[in-house]
Amino acid sequence: MRKTIEKNAQLLALFAVACTALIAFVNFLTQDKIIEQEQQQLISTLSSIIEPSSHDNSISQTCIILEDEQLGELPQKAYLATNNNSPVAAAITTTAPDGYNGNIFLLVAINFDGTLSGVRAIKHQETPGLGDKVELRKSQWILSFNGKKILDENDHRWAVAKDGGMFDQFTGATITPRAVVNAVKRTTNYFNQHKAELFNTAPNCSENAEIK
Amino acid sequence: MESVIERIDKGLFWKFHGGIHPPQMKFLTSDKPILQLPLPEKLVIPIQQHIGEAGEVIVNVGDDVVKGQPLTRSTLPISVPIHAPTSGKITAIENATIAHPSGLEELCIKLIPDGKDTWCERTICPEYQQLSKAEIIEKICNAGISGMGGAGFPTHIKVGTTAQINYLIINASECEPYITADDLLIKEHSSAILDGINILDHLLEPAFILIGIEDNKPEAIKALQNATQGIDKIKVCVLPTQYPVGGEKQLIMALTGTEVPSGVLPTSLGIVMQNIATCFAIADAVIHDTPLIKRVVTVSGQALEKPQNVWALLGTPVEFLLNECGYPQQEKKHIIMGGPMMGFSLPNNQVPIVKTTNCILAPSEAEIPNDNQEVECIRCGQCAEVCPSQLLPQELQWSAKAKDHQQLDTLNLFDCIECGACAYVCPSHIPLVHYYRVAKAEIRQQQLLDLKAEKAKVRFEARKLRLEREKLAREAKHKKAAEARKARMNSGTPEANNEKSAVAAALARVKAKKAQASAEPTNSANPSDDASSEKKSQVAAAIARAKAKKLAAKDNNSIAEKPPAEINPVIIDEKIEEKQTLDPAEAKKAKIAAAIEKAKAKKLTTEAKSSTSSEIKTETVTAPSPADAKKAKIAAAVAKAKAKKQQAEQKKEIQLSANEDITSSIKDEPIAEAVTDKKARIAAAVAKAKAKKQQTESK
Amino acid sequence: MKLSDEYKELTWQGLWKNNPGLVQLLGLCPLLAVTSTVTNALGLGLATMFVLICSNATVSAIQQWVPKEIRIPIFVLIIAAFVTCVQLLMNAFTYGLYQSLGIFLPLIVTNCAIIGRAEAYASKNPLKQASFDGFMMGLGFLLVLIVLGGIREILGQGTLFDGADLLLGEWASVLRVEVFQLDNQFLLAILPPGAFIAMGFLIAAKNKIDAKLAEKAPKKANVEIERVRVNFDS
Amino acid sequence: MAYWIASSPHNHLQSKTSALMRLVIYATIPGILTQWYFFGWGNIIHISLAIATALLTEFTVLSLREKKVSEQLFDGSAILTAVLLGISLPALAPWWISVIGSIFAIAIVKQLYGGIGLNPFNPAMAGYVMLLISFPVQMTSWQPPLELMSVPLDFINTLSVIFTNFTYDGYSVEQLRTHIDGHTMATPLDTVKTNLTLGLTITESMNNIVIGEYVGIGWQSLNLAFLIGGVFLLFKKAIPLVTPLSFLGSLFVCSFIAFLISPDSNASTLFHWFNGACMLGAFFILTDPVSGATSIKGRIIFGALAGFLVFIIRKFGGYPDAVAFAVLLCNMSAPLIDQYTRPRTYGHK
Amino acid sequence: MSIIIAILVIGVIGLFFGALLGFASIKFKVEGDPLAEQLDALLPQTQCGQCGYPGCKPYAEAVANGEAINKCAPGGDDTIKKIADLMGVEVQPLDGNHETDNTPKVAFIIEEDCIGCTKCIQACPVDAIIGATKQMHTVIIDECTGCDLCVAPCPVDCIEMRPINQTTRNWQWDLNSIPVVQLDATSQEKEV
């Protein structure tokens, strides 16, 4: 009996060690590449909403953590773009809590002057075919934010058309665009209020910067 | 119990689940008196007309019987006799279609009435109270009374119960459409029925007697009320008309509010139920000593010109009744025995009336159309709503179609009383009851098969064990014998030398015999000459004879027939005689027992005699006493069986030598031919067997 | 059996007769979840195939040293190791696809097709055959994935090979075929219920073809069977 | 001359499945007429389209399955499915919506499971749900009642909209849906749900023009008409009483409790009863025997569960109306309900 | 370093579970094969050997070890279905090499032809034939499983397999089999 137990234990341990070693080996081979890939992904997203030529720093590296109720679920991150150490734009992650079907995670890029540089929906669970038009893959709607500016804190134009605003809702759905518009508006307001201090904060994100 | 009676006195009853209200159709026959019919031309009396076992036939073909004479004798407790319904001659006792849904044939006694209607001797006994209970029960049994409501359970068993009876329920509800037999019987014979009820009261001593009757028979209710006036014990309970209130369990529920648990007889709840027609028969049997030979049958249906109730002798073919009631000739006939809800179609009009037949229904096409198209079940659940047993008919139906016996069991298939209410209401026209019947039959069959398989398994295992044991014993014996022989041979004694030479000689003899056997068939006629060779040739000859017989049967002028058939049978006959003289005391019936004994003996001897053929031979030859000789013969036969392949060749030789001139001792040729011949013979044997069958048929 | 026959049989078994997706119905979870486009299907299919070949080969190679009590844990270990490797590799080299496959990549570990083959075939057969079996089973699975992905992609989006660049690199974006332009996506095809329905139709089609084949196949002559005498052996 | 052999019982109640189906179809007529009165020709066109498609599909599948075509084709079940589907569609949905819906309902939901009697789901509702999740835009494009419409809609115009998306005069569906005050139309249920997410109270929502007095214009009468049809069926004993009763009762209890707890965020019971497909569901969908529970106890549970689910989904779910989803969920649980509500057989404990 | 720790931890876990499994395999060892027993209970116990195994039990054991489930001719499709249910495999049609006719039969010895050779007695797997050498044999019908193993060994072909008679007791409610009497000789087909 003891012999069987010993034999089984040793064999299983041997295989366990061998398999783990194999994984470790592959991991060793790929880890640099993986980090590189993730960075690349982040950079490509960021560069799609902040013109790469407008700044000279590495925005994906210039990341700060934000804690403010206005941005929805905490903590959020801000990626800062500077040119010659003068602020150019910031990309802020934010959450629209009032989507039709839960939170909508957004990345909002705002130029230093308060105009919107670009908005992307990063993650959402909106109804397929209706609310999912916030995705750039499905609809161009999200691009309608480009170049828009908020005039004062209660700018009435910042609403969907149904509520008398300047943003079209898309066919069949009002809740999703309304939620997105509101979230972008809130974020821009936040940015306008805090932009000075944002650009004075030192980058404090952990190394593996990744957009949720 | 008192509350039950109080409720009944107030005219309140319990409600059982479900139930339906099919069109009554009783007006067709309910207002005409019961008709007395002339004697039919012939009667066909099935020997079993009730649940249980058939009795033993005690008359022979050609016997003259008188009216009321018993035709069978009950051999078991659960069996009742049948009686001659009129005087006449037994013309046949043979299979005929019986009153059963299957339309199968079973043993019936055919009686041609002589028209005299002579009664057998009867002893009228109006003072039944003076008889003991056992005597009355015996009278009921001897009168052949079984339940006349439908199931046909022998009445003497039901009334012979020793249990404490609270309620005797008399079932007069007659809930099936069309049937008015009980209704009319009550109207016309309420006093006789009361006598019957009193006899039952005397036997069972119940606390109360409840007569359950549906409210659609006002005249019968009145007749019963008049008859039972002044008897407090008897309550006439007028129930609302609803099918199937006449079901045993449903009636008990409706009257007493008691549910009979599944698989339990009402008797154990202190309830006994009897049909009203049975009461009448009991009165007839006990008081007038009249066995059950006739009954009221409702002959109804709109295809008939004059539907009415008739007094029909048991055994009367349906055709006779229908003709009496004016059944027109028509293309498609649909004759139902029983009511429209639970009756069964008859395959022909020669089916006889039996004790349980209360109705013959001949509906017109419009009345009961036969174009019902079954469509898929839509799970409407109406069937479950009407089921008096609170089953789930639609689920049962699926499981029945899927042959899911386990599920059928969980759904309590066997609690289905086959009343047909579910199929009646089914909008998809699914013959639900039929599916259940098939499923029930399958399950019963499966249970039998399982039992049989279990038994077979046990026997197989036992046999394997035995064979194993015998094999071991044989091996041990072989080993022992071989060792002993070896020891003796090695001892160098003269005996050992003798033995060696004996073995050698034996072997030589075997070889020689193979060659000689064919050359000496005539010699083998002398049994004392060489016992072993004689036996070999006997078996060979027997086989040859069998073959020859087939050949002969096929072709009478066969040449092969004569020599072996003449020479060898003599020997075989002698042998058989010899055996019989050995055991003259053994009766013919005990033969099988003897055979088993012999088989056992054989096994013993197999062990004893299975070493080598030489040993067998010596022993066989030296066996002096006849008893030993017998044993030895069996043993030898076994040994011979082993050598059968070789013998097959010998057999061939015998045949050949018999065909040709015996004296010509050609040995090589047949052996050489044997192999090719054998194949040919197998083919021939097949052909012969076929030919034989043909011949026996033509004969 | 000749060796080539054996390989033929393995091919036939893996691709058609005993197809892990259509017949064994193994690995339904990834099968149904990721086949919304051909690209996803191809990616997961290739990953599964790779793991299947590797695990079959390894299991076959080590069969003689593995006692039966710890057989399953060892198989699982091997499969998990290979899956993790694949995951790491895809993470490194096809990042987009890695993201779009999401949880279903690590879920290959629980794909019963893999452990099923390891247990049923690889652990009893030599290395070469086992690897080949892994290849064919993987290919069978891959084909089902692709067909299902194709059906769903066409019905749902009217395209084929949408996002092929995620798997195969930039050049592959030319592979994208716009079969027809839809005003509205047929969402059912993209959602999991549509996957079930499409899968049902695939299986039905396979059974129908089998039935047709069986009809066409010449009836085998009745061979008289050898009756075993229950008695003469004891 | 020959003898008939049949198994008992020999007589039979002269009712037929097809007659039952026909009765249910007749009972939808008041509802259809009301729909026509308030919303125009759209639904009648869709019903006709759905019936034609359903019959064609049924015919094709039955022929493929080598079944007796004539018998099953006209047993009324396919027509009933098509009628119920047609009733539930938005009046101005494009023509292919009803075609795809009835093909799916008949071919996949009904026939692939084995045809009439064997489908576990209500075909009409399964078809509706399939359409709803596949084509949410078209399936939520409800049209305002005729009296609130800015563009008059006659038969030709409706036909034109259904087949070409535009009226004769070139108005699109979108334009048609925009009613007098310039707001796009949604059903009362949808309006209330949207308003709730905007933080409005129920009372404020009730002031919306489409809702009218407490319940939606048209919708109230429509539900009333289905209620009448349902009562007719009850009267004819074509459907069991307990299912609609327990459904409406359960919906009443749920919505009433919710209303008591928070009248601002919960609509009244009447609103729940007389909006959406409530009465249609109660009397025509849930009472479908094939996909429902069979025993009386089972039907009570079935109806109550449906009522509860309708409330839950209307309150918390992603889509404004919930009857179709609730019905499908209940269909799924019907076998389980049946399993646990088996009646006690006579003579068994 | 973290990798080494990971490898070590996994190794220790492997060691532990290997030991556990080794222990369990000895502790919970199952004697015999319960599956074979269950299968045996499903087989008809005719012991006919048509499946190629000497008896039902050996076939049950073979099936438990992967033999095809469709070789039991006397059991027919019903038995195959039951075995398939038990084994969780798909139902297959009866092996084409077997006869599909499995109506219950019993052996019958044509007594005038019997020579008393006892060969059938030896062949019978359930000892359902009685008799002795040179004595006429007979079949105990209740014990006969209908395996027809006794037919082939008989040297004089005197054993026949006869179907069991149908009576009202074993009737299966097959209405179509009811013979309908044609009263009119000129009428056409039987109508049922």
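Labels A, B, C, D and E are assigned to the chains in the order they are written; within every chain, residues are numbered from 1.
Assume a residue touches a chain if its C-beta (ideal position, glycine included) is under 8 Å from a C-beta of that chain, and two chains touch if they have at least 3 such contacts.
Note that the structure is predicted; figures quoted are calculated from it, not measured.
Enquirer: Tell me, please, which two chains come out on top when C-beta pairs in contact are counted per chain pair.
Expert: So the pair of chains linked by the most contacts is B-D.
Enquirer: With centres defined from CA atoms, tell me which chain sits nearest the overall protein centre.
Expert: E
Enquirer: Approximately how many whole Å separate the CA-defined centres of chain C and chain E?
Expert: 37
Enquirer: Need the CA-centroid distance for the pair chain A / chain B, whole Å please.
Expert: 86
Enquirer: Using mean CA coordinates as chain centres, what's the chain A-chain E distance in Å?
Expert: 68
Enquirer: Centre to centre, by mean C-alpha position, how many angstrom separate chain B and chain C?
Expert: That pair's centroid distance is 59 Å.
Enquirer: Give me the residues of chain C that touch two or more other chains.
Expert: Residues 69-70, 73, 77, 184-185, 187, 191, 230-231, 234.
Enquirer: Counting only residues that touch at least 2 other chains, which ones in chain E make the list?
Expert: As it turns out, chain E has residues touching two or more other chains at 14, 17-18, 21-22, 25, 47, 55, 125, 173, 175, 178, 180-181, 183, 191.
Enquirer: Would you give the residues of chain B that are in contact with at least 2 other chains, written as numbers and ranges?
Expert: 101, 103, 332, 347-348, 434, 437, 460, 464
Enquirer: Could you pull out which chain C residues touch chain E in their complex?
Expert: 68-70, 73, 77, 220, 222-234
Enquirer: For the complex, give me every residue of chain E touching chain C.
Expert: Residues 14, 17-18, 21-22, 24-25, 47-55, 95-98, 122-125, 147, 149, 152 of chain E touch chain C in their complex.
Enquirer: Which of the residues in chain D end up touching chain A in this complex?
Expert: Going by the criterion above, the answer is residues 133-137, 140-141, 174, 183-184, 194, 197-198, 318.
Enquirer: Taking the touch rule as given, give the residues of chain B at its contact with chain D in the complex, in rising order.
Expert: It is residues 16-17, 20, 22-23, 101, 103, 177, 249, 253, 259-264, 329-336, 338, 340-348, 361, 363, 367-368, 370, 372-373, 375-381, 384-385, 388-392, 394-395, 411-412, 415, 418, 420-421, 423-429, 431, 433-434, 437 of chain B that touch chain D.
Enquirer: For chain E, which residues are in contact with chain B within the complex?
Expert: My answer: residues 40, 43-47, 55-56, 78, 104, 113, 115, 117-119, 121, 125-128, 130-135, 137-138, 142-143, 145, 155-158, 166-168, 170-175, 178-181, 183, 191.
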